[in-house]
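Next come two complexes, and both contain chain A; in the first it sits with chain B, in the second with chain C.
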Partner chain A sequence: MKSAAQNFRLSAALRFAAATALGAVALVSASAHAGTVSTEPEESTVNSIPAPKPSWFFVQRGFVLPGTAIYDSATGKYVAQIETATLGDLAIDPNGKYYYSAETHWTRRIHGTRQDYISVYDSTTLKFEGDIDIPGRILVGGREHNFIVSDDGKTGYIYNFSPVSSVNIVDFAKRKFVKSFELPGCADLILNPGVGLAALCSDGSLAAIDLTGGKVDITRTDPFFSATTDPIFDNVQYDKAKGQVVMMSYTGLVYTAKLGAKPTVGAPFSLQEAAGLRKAEAKPLDLNWYPGGGQPTALHRASGHLFVLMHAGEYWTHKDGASEIWDVDLAARKVVKRIAVEGHPTVLNVTQEASPKLIVVAEGEGQGAGSGFAGTAQVIDPATGEIKHSIKDAGSGLVQLAN
Partner chain B sequence: MKLFNADGLGEKVLRRFAGGTSRRGMLARIGVALVAAPVFPLLPVSRAEAAKPDRSPESKTVFARNAQTTDDTKCDYWRYCAIDGSLCTCSGGGIHSCPPGAEPSPVSWVGTCINPDDGKAYLIAYRDCCGKSFANKCNCDGSDRETQLYTQQLNNDIIWCFGTKSMEYHCSTAVMVGAA
Partner chain C sequence: MRFAGKMRSGVKTAAMLGAVAAASMLILARGGVHAAPAIPDPHSVMADPDQARIDYVENCGGCHGVAGDTVPAHLPELAGRVGWFMCTPEARAYLIRLPNVAHSRIKDNAELADMMNYVVFVLGKGTAPVGTAPFTADEVARERKLALTNKNLTAERLRLANQLVQQCHAPASIRQLYITEKPGTAQ
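Let's turn to the complex of A and B:
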């Protein structure tokens, strides 16, 4: 009498023989159909990608997932991942040669010595080229204006909050930290051509930061908004060609400021009134349409159209996801189109192509709001509202563009 | 119950700074703190009091009108009107206690929340618990009177693990400071 173990070995041997025979038949059959199969040994290779294209968009994976995913809005296809950290900030070289990742780590994972630095990656191989130590950076993520690069690509500016507010300057050509300066009461770094930087301040003003001399000279405009009653969203829109910045407040006031040594801020207009509705109030119990999300506005610079994530609700719901995107003609001060969107996206950007495409991202489902799981990205044609591509598990953080 | 002591907290923070800096560096830091008064995280207490928040029924946000006072593991618990993060009450901690192995941040962002039982407004300090990986349990994102990075003390996106051994964020508490 065979033991159970012998029975198992026999049946296993039979199964193996049968599987091998079937496999051989399948291989012959496949070979017969596919022609010749090369049996030359293959080598492992590494792909490369083109320099960043105007149709590409860069999605931070989210609060709990490292990496920034590159997608092509023309095809909806995934291109590659840039190695960024959680709570990191990505900046893209305007010349298209490098990606810069500002990040923070500790020598022993979550304890030990804190290290803040900029990692440099070649834009076509995505290979790590080196890093630049900096004295610190704010840990927050989800902002476009904590790490910016000068228009010539030579200088990087990194915002730090320790909790003293300051700015670090990095020379990308020499790959060296240059200096830091204190920026009390202000944040959200904006390029200010010919001057240095600009920033939003807690007294409701815009600071001009003159970096042209040896001494950093910071001056402020008169206050023009309330930083506590009707704040301006951090992710403001910088337009190099016009030398201006476009800003959106919680109630939907649209401000435009001309940059320079002494910035000038124009009179704002109400987004709701621009849509033929009642102006929104900065108090609860006023049901209206409000802008909301982490990255609620996007500017198509050539046409002067501002796109805004909007939701119906009350005041102090400025983090809520959108049910519509409003298309604002800034010159005419009119909302010219309202596009319905699904999934309550909180992040928006627009490609700068002649026929732009909107990119929206909604956070994925997790353990409640802010869990930071990757959600769905949608590519939308602003002319028709048609969803051109829908990409699951794309990310939940910022959407950035190369130009 | 341990009461909030602004002087004691200030002393604690300054001692931490003093322990790692020279006297000249210390003076420089105090100078920076004075210059940077709008962003120094102890000052929101006095700033918030000076602001005299509107306590009228009309001032109640949609959060305040729907808040409850019995379950602090839910996002609609009244103190969470401006919290952002993982609730420590769901991850081995409490409303003002960090989970084992985590360290409370001595500084924080603040919110003004209305208790529906008495209709009064209270100042709440959202102190992060730090030094452990993100708990990722019961994540909430309250936004009452929450602002942007240029008013840091009222922004809840920032990792507020300052003055702790590690800045790794674990979860958030909602500590009663006092009547607003």
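Let's turn to the complex of A and C:
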């Protein structure tokens, strides 16, 4: 904890909250009378917000714009903004008490001493509570699996790539960095209950990372995908209740792995075949429907439905925005619905409510794909395909949820 | 396109080899750290030196730099140093077992052997002991199956570097990631 920095950050956070929490700020001040100088100090108050709700979604403003906006999918209304940094990563405390922002800064903007840390914010006041210094982190941002929190909320895992591949472990209860360990040849951290972590590796395997002993033990499954010709999207879907992870390859192969000390990967199925179409090939110029975007899949865990951003195109167009969302019943291995979408969204998530809502975000117009400009977010009812809410300039980055 | 690219890089490789020879003579003159510059004729250690260099630039240059000298950074400087690792069987195997090498997109073992010979003999600038046998496809096929996936590579590198200093009289600075690195700052 750094107290000098804390004071500065605290007031900055308050100012920011005051400026941005729409309608949440009640400025209590007497209006100045002409000719008289009021000596009354101006008083202002700041509202608080509830702990995160299942209907809320968190949109990173953009790839290069700081801040994460909170919206409520029930109302389409803005709730507040969390002060995440450019190329930062947000993690949400599963107990709903804190927001954690992993950030990197140099003492002199782009040179000087590099500082990596996690800023802790109270979830109801958005007050800055302090920093936890860490030795480093991958400077990417906009990915879901570089900063994850254990299911009990006690431990944070931050992927680092210096470019030595490693993981930092942080104790959130003590607000202290614990240790780091090297993870050669793997990335994309996934929780692995009772074991520690899992990760995807460059030889096409899934690693099990045993953190229960003094020495970190890393074992790998047999390779099951090709990181060269048909990689797996980094936004794999972790399902604690089922103890599994659902993964999507660039050509639309859906893999499910049972987590544990020795993870097992089941035989994949083809998304296109699940929709009654020809299976896509990892071959140049193969025309088909492909998954694509920065966050192309989302799992509604209770129902076992996987939603996927799909576009018609060639092999190796995995960043292209979607013209449809496919609703996949994982147990039946069938695409049960194809929902048309506007604006070529590249980012997708689904709320975990009993009647889920899809959230899609398309990057802003003007500078082309990858510009990171804020675009429109839409809340879609997957049952009907109806657009419930459309929010302009919402963001372009990741959409995260509290649960 | 590919053809033109190859022609151009062929010219550069030749120019570079000249520079390499000059640089290693400088090293000799400065400290006599090595008995003799051992830069074999590229064609004696690579089937296709141009392709080997192209493969290195494309697959490795992003981190290590096109000349193997991206420092200061948290990774080892290859230029004028990496050949030392050919001195013991363990250190030699380490070069192929590194995940970035073992799990390279280059699946063809002969092509990967060529590229690693480019790294060791060309970028290494005469640091490989005289008479060092080049990597072969068979050796690469065998060692890349033993990728170092459950180890702290920083510690493993230091262990091997100590071996090189003790057994091969490599300069003590081989323990560091690059010559000007302050000891103990590598993560």
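Please note the rule applied: the second predicted complex is superposed on the first by the 359 of 403 C-alpha atoms of A that agree within 3 Å, B and C clash if a C-alpha of one lies under 4 Å from a C-alpha of the other, contacts with A are read in each partner's own complex, and residues count from 1 in each chain.
Going forward, contacts are C-beta pairs under 8 Å (C-beta built on N, C-alpha and C of every residue); 3 or more make two chains touch, one makes a residue touch a chain.
All of these numbers come straight from a predicted model, not from anything done at the bench.
In the overlay built on the shared chain, the residue A:Val350 is in contact with neither chain B nor chain C.
Contact with both chain B and chain C is seen for A:Glu182 once the two complexes are overlaid on the shared chain.
Residue contacts after overlaying the shared chain place A:Ser162 against chain B and chain C alike.
In the superposed pair of complexes, A:Val170 makes contact with neither chain B nor chain C. When the two structures are aligned on the shared chain, A:Asp217 is found in touch with chain C, with no touch to chain B. Of the two partner chains placed by superposition, only chain C is touched by A:Gly136; chain B is not.
The larger set of touched chain A residues comes from B, when the choice is between chain B and chain C.
Once the two complexes are laid over each other on the shared chain, residue contacts for A:Val195 go to neither chain B nor chain C.
Of the two partner chains, both chain B and chain C are touched by A:Ala227. Of the two partner chains placed by superposition, A:Leu259 touches none, neither chain B nor chain C.
On chain A, the surface patch touched by chain B in one complex and by chain C in the other comprises residues 162-165, 182, 184-186, 201-203, 227-228. Remark: chain C residues 63, 73-75, 98-100, 102-103, 105, 107, 147-154, 187 touch chain A in the complex. Listed in rising order, the residues of chain B touching chain A in the complex are 29, 32-33, 35-41, 51, 58-65, 75, 84-86, 107, 131-134, 136-141, 143-152, 154-155, 157-159, 161-162, 165-169. Within the complex, the chain A residues that touch chain C are 135-136, 162-166, 180-182, 184-186, 201-203, 207, 217-220, 227-228.
Looking at the complex, you find that chain A touches chain B at residues 63-64, 87, 104, 106, 110-111, 114, 138-143, 146, 159, 161-165, 182, 184-188, 199-203, 227-228, 231-234, 283-285, 313-320, 366-371.
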